[in-house]
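Right, I'll just put the structure down here and ask away after.
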């Protein structure tokens, strides 16, 4: 068994090179914000974000930090705090390549990669302007029903999947609970890096209840333990979003200067006060 | 919330009419054998079995009892006790329609129905004689790679999924653990009937550990409690297969008379001695 | 009892559109539709199933983010809610932005699942409180999801009604147009016409939207307020009259 | 130490074919391949990952029956084992039956995952103890899975070797033929030729299959016997010499 546990969050993200096609989960599914801060501190560049199927603070900060070349997503949203302001600004300036999608299309394209398929079909979409701007999506005649069009989506196979979860064990198994899209992300990606709240000694596979919600170590390359690693985004079954910080970001990030000032504080503090041990 | 809990196993299978397209799981995934005995006692006819992705004693008994019109399966096997003897005999006589498949093709075709898709692509298969005998499977040129053939499988949407699980709750949620094909079966099927070892009062969705391995009540039409309901097949995480009974079946079922004699005993006893309360 | 406020009216209007449904799903950031679905559930004595995404107590999904979409594709979701930065008279919705694409002048979050669910959920209820010509336009700048489709495109879902702070419209799929069904108390036809950027059908006499009865108001201010507070505590604190 | 028995030899031969693998999966009813994979894991000090289906202790899959196939499709399985009621000289395998289809005179269980895994797992090791002209035929009656494919068919997997109770063959994918690599001690070339129904390549001198050394035998009779007993208790009790 290889050594899974990384010394710290910087060591975890060391393997995310410039130009990586990076899969990240939605706000509700376990966002690796401490890892994102580490990536921004390191000055990563030219990321191709695959948001599964949307993103929020994570994508917006990476865009604002100039780390992003393209974004494939169904939305960039800070939920009740609105659309990601740095995303809006980057769109206006034309400084990122947009691959606007719809949620089930991203799920389906990752499932194609998970199954080693060149493509997956999907209902709907026809007549949406999304299709006009996605030259990689094709419409064919359904071979099982003459004259009936259907969309085919090419597989999305990210280089790295990066997310945050509540729990892992020393063998490298990660508890993902009901968040099955994390399994799809991990299996579709060449490599998977995970930050977790806690690493336990007992194997998650020893108890069938834990096992049912576990991403096996087979798909995991590295794990780092970071308390409150999703902050200020929330973590399912663990803690809610920090609305105060998100609201402050949404206000500040409307301007270049406001964003820069916010990020200086954010990258220095790194973690929420209450998470300090 | 509708009333999910059925009075007994006969009430559970009352909804499985002659001619039903019935999805059943493999030997290792939770086979509803008590329900199968109830179906045979009732004299069900013309079933179209969809084995996910194989079957054993269950399909073989139903075939021997004359309840089966067609079998879509990747194998009919009693594991170390060999191929299902009634299946072999029915093949020799030509008394059932065969739809020989390969395991991932059945998984994929059910996933198509789960996703409301007309078809799913699958790698492999090309050059296998399976393809020559499956006029419902198509080979197309991969629209994303010129001159490269790929198989398309039409969706399998069963009328009823029937399986056995260790645990359910009064709301109708069923614990399926790591056996995720049961979720696919249930979502792909119009209706799902489940026998369980035990029904508990507390909701399985109240604890995130249980929830991660739970098939929600939304997909379940009826549940009946039957102790040792998979016997003589085993149930994961609960009890092993009864090798003595399976060996006796494999011997007896080689002849019509032996099968008839075995079934008389089996249908009368209904459940293993040690399961009697 | 204190008279019904605007939010309570909207909740009651939407609940009325859910009659006969077996399963209603409610997306993120949707407190009014969520409250309406819970009200409809109360009226069916719990038979109506309500899935509120992000809720713990009212979320029965266990298969990750894809389950909502699979469930809709299986025909197991009867009603869902969508909104739009722009909504046009043909039922097209725009969640992407205005002023060009990809370099939009005004950019919104994105299309989410609209381009899929609009095809698969029989009753999609469009809900947007702001009723202005900025929102309700003749033609959207970007079609996130189209209101109707040619007959060869498989589609069982689509717009069913449009609810704003002024009025209730129903969508006529055969004609591909909205029809004004009722105008909320305190508002008039001129106001609706002035503030709607698209043409729509209407009866000679447009009736007022019925206000919720006392029993409904008691439900809203009691159990519904409590239930929605799990997912939307701030909304529950201020949306309902005392 | 007691000399090696036939099963121990087969386990040792198969373990040798797993050199350099990162992840080996073993299907149902495969105690010899399972023991071989566990032996290979011991030799890598645990770095080789072994997934034994139906085992609890050596089964890391949590996504149901589809995971083996998805995992193979992702390129995360380096070796797998298949067998055949018939195996022919072109590497085709038949798990369905003989004497016509669908009304076969002799019918076996079915093709299982062979028609898929044979295309996707780089090293598929064919294992069948019975070495007779009944099994090793010139041309199978039914191709469950083909040994080779035309160049336009995407395929990274296929037959790698064939192990029987008489000999070890390797498969040459470019030529689409087996080559005899070694003959097990106690058997001879004439016996192999007499009992093989297909033509194959062979060196002028066919070497004997090396018998496992004492260290290997000690591993087999100690830890491997114990580990395989979890899944195959009866096999563990009788397969190994004292």
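A few points about this structure:
Letters A, B, C and D mark the chains as written, and numbering starts fresh at 1 in each.
Just so we're on the same page, a contact is a pair of C-beta atoms (placed from the backbone, for glycine too) under 8 Å apart; a residue touches a chain by one contact, two chains touch by 3 or more.
From a predicted model like this one, the values you see are computed outputs, not experimental measurements.
Following the contact convention of this document, A, B is the list of chains adjacent to both chain C and chain D. Looking at which of B-C and B-D shares more C-beta pairs in contact, the answer is the pair B-D.
Taking each chain's centre as the mean of its C-alpha atoms, the one that lies farthest from the centre of chain D is C. Centre-to-centre, using mean CA coordinates, chain A is 40 Å away from chain D.
Taking each chain's centre as the average of its CA atoms, chain B and chain D sit 29 Å apart.
Measuring from the averaged C-alpha position of chain A to that of chain B gives a distance of 37 Å. Along chain D, residues 61-63, 69, 73, 120 each make contact with two or more other chains. Contact of a single residue of chain B with at least two other chains is seen at positions 115-117, 122-123, 150, 178, 183, 211-213.
Screening every pair of chains for touch gives A-B, A-C, A-D, B-C, B-D. Chain A meets chain C in the complex at residues 26, 28-29, 52-54, 73-77, 79-80, 82-84, 87-88, 91-94, 97-98, 100-105, 107, 111, 122-130, 133, 147-150, 178-184. On the chain B side of its complex with chain C, the touching residues are 1-2, 113-117, 173, 183, 187-188, 205, 211-219.
Note for the complex: chain D touches chain A at residues 23, 46-47, 49, 51, 60-63, 69-76, 120.
Of all the residues in chain A, the ones that touch chain B in their complex are 108, 115-123, 138, 140, 142-145, 150, 152, 154, 176-178, 208-213, 237.
The residues of chain D lying in touch with chain B in their complex are 28-29, 54, 61-67, 69, 73, 95-97, 101-105, 107-120, 142-146, 149, 152-155.
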